[in-house]
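In what follows, structures are represented as structure tokens.
You will see two complexes here that share subunit A, one where it goes with subunit B and one where it goes with subunit C.
The block that comes next holds the complex of A and B.
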């Protein structure tokens, strides 16, 4: 079994999960997942990492009941992956945004809300709030088939949130988004996680994963190679870094020399740089291109309800 | 305890109904936006309407020819529309991933497939209404022998045909304008508009006929080759009132039932096959079903022919346009029996489809 990161209730549990794809004649072609043991607990942001073909998306699809495991078990909220009680609590953003091309974003969101059994009035209200949140209010009447990849991705993200899910499954959530959109998605993930929503995500952008994931698991050729809390996995044991504000170059050099003399080994002294993402966001904020990101009111209400119920 | 179970079942049924309604709506909206759907509708309607115009040899059965052509268009183009729509909305969505996106929600695969079938049937029904109206108009408009004061000969109700064609053209124009000025969907507006225009054209023609008498074109005044009547004095327009042959409706309902069966077959096939192969199988089943009697007549139940006769739907139950010849009627009790047969076959095909779809990997 994998390690439980935050000590909450298990939301996703897999035991000896295997998936082998077969050809028309039922001959095995690819073993996509091999004996995967994993546990994702409530309220954590869990990242699945791995190169292409490592079994990340296959694992997610098995968790959602879209693919049948060849062997092993998978449980969502204690139910089987095809159980409606489990699916009703899940929001899913696929790797590629699959939308009905002739529907408008508003219709798309109402359609997906209806699949959760929401009354039409409530579905429309949530659709409007989500469109506002993902900044697509101005394009709400255009067919999504004419949208850019980034805009379609925003609609995809909105449809994943339409049921105010307890578990959000995001397959490459920032793929196709501009840096502002990426930041908003990460902010949203953090906000949702802080309100008790469990997030399972995959991404090739390791910096994004590092920013938001509490725990990560690394897959390669369908097998689990490493897993644990992100901070622990990335820590460099035995290395210490000091950050001092307002130090002159001369002072820094003398401190470095003193440390070297005390430690008896080389000491590295550098001027830290902000991340390119931070710099970019500062620039677009100054120009007014970035908007104030706000979570949809119904998601805030769900968050409050979750907090009140102690979930 | 029992009450809790009952309320749980009711809630589940209500949820499934809401999901099915949403899936059906999306299927219909997507399907009628496809250029192919509009093309098939226009081809069927215009072919049916123009058959009376392009008849060059008259044997006194112009109306029957128009009627049979209309019903044939209804069956053949309807079959292509049903198979194409099912292929796109099931096989296409499985391939593109929209099916996975829907089934990732709390939607059962059975609900998904049944809703897709309902959606295909919805599109086919709109097509059927348009083609039925065109068939009624075509039969009314086709040449018939008129014997009245001042004229004896063949006349065609050109006004009814013209109204049908103009209605289709107007519907396309209105759909184009709605798309340009109000950004309405052209596909939806055109598809529904053409269907509505045919019903409206028929209604206008009927009203004109009742109030003013139809203005038929006297196409023949001399040398028509028909013996036993005196020729009219001049070609031109004359007033006469050809009736609508509402006996066609029963035959058309039978064709609609056949289309529902083919929609079920295509939906079931589309869980594993792409649109082309599914259409080919449907066409084969149509041919085998129409040739059922000669193909498997008298075959034993355990023979291959007997088995084929048992498994394949007997399409001849639904193709009774010959029964309308010479004033014949198709009884509604027969239509009800055929509906029972069609529903049974649909249920069998859809059960097979659900079983096939249950084991299908998505994504």
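The block that comes next holds the complex of A and C.
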């Protein structure tokens, strides 16, 4: 996937990152992350994969300054994770969206915008654009506490974008969303990444990661087990697949027999199926449930500014 | 360029603080905390004056309205402020809402200040409502009962007798006792001076029938002919012979001793007498030349039947001069109490940063109880130098808590308000310097340090 990024500069760098949790008496209980070396470069979508307790969320929390590393270093844009210059460029969507339940989505977004020091007018403008983007304009006056998990997730996503971040950290971004919402979020991630935003995300849904991530790292028991470009990691060496449109059953069978005779090995021939997600989206878009995704104008402006500065 | 950057940085900082404050205020209003408090305070302001019965005098009614009603409402507000402050950070951290805010470029001090300002704004609004309710009741009662100008509450300046300072008196007594070898053997000079100072402050002077005492006063400004001076005397005497007590008060200007205003006092049934002195007898129109006045009191009771009068000259004798309106004094009292709320909010916030919600509330309550009890302990236990080690440690802790709490509650605005004494601007400033600035800054520095250092997320 080609990205118009910031020239491949490292956005997140970890070296020998370790995190050991301790009990009240300072005795070590769990080594959540062990000697993690990672580099996430500008403009890429980087996925952290791993089973429960593998250290994905702990790594993210250390990157955001919510946890302190036991050993090793972590740098964001060349700064420490608690440096305000780094924080000003980061958007974060946690695994569970804990929002103020008594605030409306509009107030929530204005509040988080104010934490970036934005003037009230600008904060309100961005809030409106983001509400439009995440399709919550109709529910903008209701308290977030009465929202479904999916709706709260959308508000969480909107707040992560309120500062037009250069780095978006998404912990299980599609958790709690319906398939349409999942697709929209993935589309948004792709759009943001194409505009130069670096994305670090975790997910249990491997298909989601496969769809959007340029690179992935697989963690298990706090250790890095594999990392690399998604396409390269998933390639099956020594296997070739032909896709031909419009062949009849007889023609296909004769071609298969021909190939088998030439290769001297069994050849598999089948009718490829679309993925269930694609099928679902085709159905709901026919019924008008899906909508074209519109990125908020201020995010487009930020993209333009990034492209100009990149140029 | 750098100046404009600094301005932008300040503006951004202000916006962040305001954002934090706005959310805290919305939380208070929308979680119905404010509504519940308003109902409680309304019940207190309207209910207490109906439940409590005064002695029927205007000052008795004022006592109930200003001392008890305002005092009880203020107590409620203190607890509400302290506990609300204890929850502000602690709940956000425990519920992980703080994660979203903490990853934004907000300084710990901006979080702290925003929340503190929200509590202060809330406290100010509720105090205004309480004071408004009480003021309305005072006006209605004054109008219905037709209180005279002297009976109506006011804010009068207080002049106390010019006496040697307590520290000076304690030093003199200490020197005398040392000379005579009367000092307790185990008591160090510091503790001895402290005990002597406490005794000097509370010491009663005895006035037997026939005795006369003259006090010197320096008023805030020269007395005027058209402004009567009020003299207030408080005393203790044997209850059964009060009717036999009589006295004569004489007041004159220090630079014109030949003109004396005399007031005969015969009714000592209450242990406080307030009377007005018509200054036209002493000042020839306009204002007098000097500020110094003398007040003499002679016990004229029958030596065979009347008991002695006991008075603490420093506390029980005062000359009151016009100082300001009751409304202004009420506002000053509210400001002084807001200062205490500011301190409690700061204390609660700092505890809230350090502990979980229930632990923070528990610690805050324990500190509050300690502060209240320490006064009783310090007052009840007199050091003799023969205490055991534990007793000494306990006394020291009690004294430390008492001193710190004493700084916060040094001014007693409701006491002044009830007595019609002007709450001085300097006193108000001192209250705010300690309660509203110095102590909160110390607590904020500590709290922000903890907030920066502590891990806000837990392990998965």
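Operating definition for what follows: the second predicted complex is superposed on the first by the 303 of 311 C-alpha atoms of A that agree within 3 Å, B and C clash if a C-alpha of one lies under 4 Å from a C-alpha of the other, contacts with A are read in each partner's own complex, and residues count from 1 in each chain.
FYI, a residue touches a chain if its C-beta (ideal position, glycine included) is under 8 Å from a C-beta of that chain, and two chains touch if they have at least 3 such contacts.
Only a predicted model underlies this, so the values are computations on that prediction, with no experimental measurement involved.
J.: Taking subunit A as the common reference for superposition, should the pair subunit B and subunit C be classed as clashing or as fitting?
T.: clash
J.: Between subunit B and subunit C, whom does A:149 touch in the aligned arrangement: first, second, both, or neither?
T.: Once the two structures are laid over each other on A, A:149 reaches no partner at all.
J.: Between subunit B and subunit C, which one contacts more residues of subunit A in the superposed model?
T.: Looking at subunit A, the partner in contact with more of its residues is C.
J.: Just subunit B (first), just subunit C (second), both, or neither: which does A:30 touch?
T.: second
J.: Who does A:53 touch here: subunit B (first), subunit C (second), both, or neither?
T.: second
J.: Answer with first, second, both or neither: which of subunit B and subunit C does A:141 touch in the superposed model?
T.: First partner only, subunit B.
J.: Taking the superposition as given, does A:88 touch the first partner, subunit B, the second, subunit C, both, or neither?
T.: Both partners, subunit B and subunit C.
J.: Considering only the touch criterion stated at the top, classify A:114 as touching first (subunit B), second (subunit C), both, or neither.
T.: Once the two structures are laid over each other on A, A:114 reaches both partners.
J.: Considering 201-209, 309-317 or 345-353, which region of subunit C has C-alpha atoms that clash with subunit B after the structures are aligned on chain A?
T.: 345-353
J.: Once the complexes are superposed, what residues of subunit A are shared between the subunit B interface and the subunit C interface?
T.: 21, 57, 61, 64-68, 84-85, 87-88, 90, 92, 94, 96, 98-100, 102-103, 107, 111-112, 114-117, 143, 159, 163
J.: Spell out the residues on subunit B that touch subunit A in their complex, using ranges where they run on.
T.: Within the complex, subunit B contacts subunit A at residues 12, 14-15, 18-19, 21-23, 25-26, 29-30, 33, 96-98, 100-108, 183, 185, 187, 359, 361-363.
J.: For a test of understanding, state which residues of subunit C touch subunit A in their complex under the given definition.
T.: 11-13, 15-16, 18-20, 22-23, 26-27, 30-31, 95-97, 99-107, 452, 455-457, 459-460
J.: What part of subunit A is in contact with subunit C in the complex they form?
T.: Those residues of subunit A that touch subunit C are 19, 21, 30, 32, 52-53, 57-58, 61, 64-68, 82, 84-85, 87-88, 90, 92, 94, 96, 98-100, 102-103, 107, 110-112, 114-120, 143, 156, 159, 163.
J.: Subunit B touches which residues of subunit A in the complex?
T.: These residues of subunit A touch subunit B: 21, 57, 61, 64-68, 84-85, 87-88, 90, 92, 94, 96, 98-103, 107, 111-112, 114-117, 141, 143, 159, 163.
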